[in-house]
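Two complexes come next, and they have one chain in common, chain A, joined by chain B in the first and chain C in the second.
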Partner chain A sequence: MLILNQLSKSYGNETVLKNINLEFGKGLYALLAPNGAGKTTLIKILATLIIPSSGNIMYNGLNIVQMCDQYRAEIGYLPQQVGYYANYTPRQYLIYLGALKDIPRKQLNGKVGQLLDLVGLSDVADKKMRKFSGGMIQRVGIVGALLNDPQILLLDEPTAGLDPKERMRFKNIVSEISNDCTVILSTHITADIDFIANYIIMLKDHTVLYHDTAEQIRSHYKECVYEAVMPQSRAFEYRKQYLILSEQYDGNNVRLRFYHRGIAEQDWILQSPNLEDIFLIVYKEEERETVKC
Partner chain B sequence: MKKEEWPTKEQIDESISHIIDFGIKKRPKSGNHINAIELLQRIGLKGLFPNRLTIIVIICVSAALYGLAVYQSNSEIQLIRMVFAFSPLTFMCVILAGEEYLRKSNMNETEMICCFNLYRLTAVRMFLISIMSILINTSIIFPLYLVNCETNVFYIAAISNSSLFLVSLCMVVYLAGRKHEKMILFFPVLWIAVNGFLSGTEIYSSLIINGSQILHWIIAIVTAIIYLQQLKSFTKRSYGEEGKIVC
Partner chain C sequence: MLIKEEFLKIIRSPRMLVMLFMLCLLGINIFTDFTEWKKTVGNIDEYNEYADGLNGEIDFSTIKKPVSYMDDDGRYHFADETKSNNDKIRAVVQERYYYVAERNKGWWSSEEEQLEYPYTYTGIENYLSCLRNNGMEDSYKYRYYAKELLMLNQVGAPQFVNSVGTNELLQSLFGMQTSFIAICISLIILTAPIFSGEDANNMDMIILSTKNGRGKDVRAKLVSSALIGFLWITVLYLVLLLIHLLLYKNFSALWVNMNWIPVFHGSPYHLTTIQLIFWGYIAYLIGGLAVNMIYCLFSAMLKSAVLSFLSCFLITLLPIFFNPNGLTGMIAAHFPQISMSADMLFGSYIAVNIFGRPILYSITAPVLSIFIILCICLVIKRLYVKIRIH
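Here is the complex of A and B:
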């Protein structure tokens, strides 16, 4: 069990995280927030790359900063930009990484083959990585993070720069892994975590806004997402008045999906909110209010 | 009631070793030589120096430059100046090439959270490069005796080593802090500029040109000891300065 107690991080006068309290058990936890909200800082603190300004993180009752190497042996970390030596093959790279992680060589050879199989890279295991696509590098990176059988897997925006096919493959791999360990995945792309995240953590104003299941978070916005079909000329009014979540054009008409709390008009159709709607409501509504003021 | 069977001796031994393995986690031993050997055994020279082709080229070029500077000197004073200025060249260039390669590969975060973390790797790399630099410098300096038997090669070797360990110490202290990460790239330029600036001064003349051989050996040994202690502290280090990521 990983517990964050009153965790804060500031750089000089700038606060990045403020009084974060969280608990992680087994399963997939999605850290959802826009860019610059402190996701990467939080992931780096969990990876022991950054020490928090105040508060602590306890892993099975012990402080991770004091555990250090012992804790690091329990984690797998995939940074936002996966590091790799271009002149290495995936096999060479993973054996190198495994040696640095103090994994016995005998165990390592079998494991590398097995994990490369899992991510579908067996056929390029002995090819230099300099010609690999972003998705392939990402898959090598995830194998590197899994080499030591981590109990906690930290993935920092793992799908950034991947095409839809790679993204889907990655989603499946992560979903499979999360059955056996704690996976903490930071992202600002809701599609990456839809249906696979057990819990969603949303950060706002440097602190935790929601830490709940997707269903529970959706329930907060149960009766405030609507759709309405109207001529394009009328859509202008709506754009000014409501937070538009999506627009679909159909000839001269437009189907608007928007957010509204209060009494609905007759021709509006109530919708069940999805994660993307909620993301926009949480982070865009604030911007809108600021602009209005 | 069914009697429970006693485990066999093999089962007991297996359980004991399992408990011991689980309870006493092997940690990398401190001390540069032990770490260097341990790391070399595990990841080999190829893993320790992933940019080995670049390193070989750098070693060849810097050794050739060093040899040229030493053997083209017209007088003993010039020879001493050249040896003092150029002895740390190979060391500096190899370290810088490694740092730059690491930075470009984005491997710093990945290596930092490993058991043999970035600091431990840096310590072992620096230790091995220092040994290699001493060997290269010495192999260039000692044949001077064959060219001119009046040259005091031991004095020249003392100057070479004192200069090498002075620079090594400065670099390791800088790497420990890493306040301005790209500043390290200016180290060779800074060192040559400082040498050029000081070479006309009286203090340089009395310490470097006319200093005693013993003084230079003392400087070399003292700086080498402090340097090795710094490297040893690297091998025990797990976090960057103020918790910041290194590099």
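Here is the complex of A and C:
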């Protein structure tokens, strides 16, 4: 069990994270927030790459600062931009990472082959990574993070730059892994975590806004999302009045999906909110309020 | 395992190709020099046969001042093309013989102007006698020159030995050009990105989040950097040594006292040429390791590989543009890279005043280098992670 107690991080006067309290067990935890909200900072703190300004992190009852290398032996970390050596083959790269993770050589050879097979890279295991696509590098990166059978897997925006096919493959791999360990995945792309995340953590104003299942977060916005079809001339008025979640043009008409709390008009159709709607509501509402002020 | 992986990382890097290219250029350069010598002077076997016959004590009764065919760069030019090969060889050997005889005579010189800064055997003897007459037997100056005289006494005056190729070998092995340019630049290319290059590859964060990424890996990087330095210096040294010996086939000069070889005529060290080659190699390893550790320090403290390269180049090349006063100033400005040069360590008598006793520079330089190595290792171990983690 990984527990964050009153965790804060600031750089000078700028606060990035404030009083974060979270608990992680087994499963996939999605850290959902727009860019610059502090996701990477939180992941880096968990990877012991940034020292928090205050608060502590306990893993199985022990402070991770005191656990030191023992804690790092339990984690797998995939940064936003996967580091690699262009003149290395995936096998050479992974053997190097294995040495860093203190995995015995005999065990390592088998493990590398097995994991490369899992991510579908066995056939290019001995080719230089210089010519690899972003998706292939990302898959090598995830193998690197998994080499030590981590109990905590930290993935920082792992799908950035991947095409839809690679994204789907990646989602399946992560979902499978999350059965046996804690996976903390940061993203601002809701499609990445829809249907696979056990819990969603949304950060707002430097602190945790929601830490719940997707279903429970949706329930907060149960009767707030509507769709209405109208002539384009009328849409302008709606844009001013409501938070528009999507627009779909059809000839002279436009189908608007929007957010509204309160009494609905007769021609509005109530919709079940998806994660993208909630993301827009939570973070766009903030923008609208700022603009109004 | 980690040391092996870090070592392989350097070997596999494109920088290694640059190094091999440099090595080839060096080999080609020596070969070209030899070909030119052969074209101008003649057959090396005939030369060795004639010159080896003169090895030993100088016979002053036969010496006449020869016509010099050597230019300022040490290359021979014979204007008279009708001269036979045999005559050319004799002319070159006689010129060398005459030069050694002059140095031998200078050993015993006691000209008055040398009394201020004595360096010849008789000059030092006279100077010590002056100091004794003035009651300065307990002074540091007296001890300094007494030690030099003792060493010179053991060595004896330079005699003639066929030094073709060996003179060039010692010049290229121990000259400043080799230690500063070939070794330092090679070490910069190999070592400067050892820590800072990880940031450019985005590997910094991955490495630091692993179990061994902070302790063992830092050690592995330092050890592998030292290993590659050792390996590179050894390869370079062997290439220079073997090419010279195989081309010039002059083995007789290896077994005589090193001060018989023109480039080391003034040396007070009682070492044979082969011993000098061995101790020179050890000096390269210790000095090279100290230089390597300084480059590692820059690499560990700076996140950018480019900045790390530039800093290492500056720290090596900047002192060249200084004009420090005297030998001591020059050594201080160029330390520790200067401690790699056996020319500086064994070429002349340099001693440092330690508690009123003259301690040879050939002892103090390696000791100081080892001290620098240990200090830098400790600094890197303590600061590397702190700099990268905020």
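We take it that the second predicted complex is superposed on the first by the 293 of 293 C-alpha atoms of A that agree within 3 Å, B and C clash if a C-alpha of one lies under 4 Å from a C-alpha of the other, contacts with A are read in each partner's own complex, and residues count from 1 in each chain.
We adopt the following convention: contacts are C-beta pairs under 8 Å (C-beta built on N, C-alpha and C of every residue); 3 or more make two chains touch, one makes a residue touch a chain.
Note that this is a predicted model, so its numbers are computed, not measured.
Peer 1: Given the superposition on chain A, are chain B and chain C in a clash or a fit?
Peer 2: clash
Peer 1: Per the contact definition in the header, classify A:Y77: touching chain B only (first), chain C only (second), both, or neither.
Peer 2: both
Peer 1: Mind working out whether A:Y249 is in touch with chain B, chain C, both or neither, as first, second, both or neither?
Peer 2: Neither: A:Y249 stays clear of chain B and chain C.
Peer 1: Pick one for A:Y88: touches chain B only (first), chain C only (second), both, or neither.
Peer 2: The answer is both, since A:Y88 touches chain B and chain C.
Peer 1: Once chain A of both complexes is superposed, is A:T48 in touch with chain B (first), chain C (second), both, or neither?
Peer 2: After superposition on chain A, A:T48 lies in contact with both partners, chain B and chain C.
Peer 1: If the two structures are placed on top of each other, which part of chain C overlaps chain B: 6-14, 60-68 or 132-140?
Peer 2: Of the candidate stretches of chain C, chain B runs into 6-14.
Peer 1: Of all the chain A residues, which ones make contact with chain B and with chain C?
Peer 2: Residues 44, 47-51, 69, 72-73, 75, 77, 79, 81-85, 87-88, 96-97, 99-102, 105, 144, which sit in both footprints.
Peer 1: Report the residues of chain A in contact with chain B in the complex, numbered from low to high.
Peer 2: 44, 47-52, 65, 68-70, 72-73, 75, 77, 79, 81-88, 96-97, 99-102, 105, 144
Peer 1: Using the touch definition up top, name the residues of chain A that touch chain C in the complex.
Peer 2: Touching chain C: residues 44, 47-51, 69, 72-73, 75, 77, 79, 81-85, 87-88, 92, 95-97, 99-102, 105, 144, 148 of chain A.
Peer 1: Please name which positions on chain C make contact with chain A in the complex.
Peer 2: Going through chain C, the ones touching chain A are 1-2, 4-5, 8-9, 12-14, 198, 201-217, 389-390.
Peer 1: What does chain B use to touch chain A in their complex?
Peer 2: So the residues of chain B touching chain A come out as 25-28, 42-43, 47, 50-51, 53, 105-117, 121, 238-239, 242-245.
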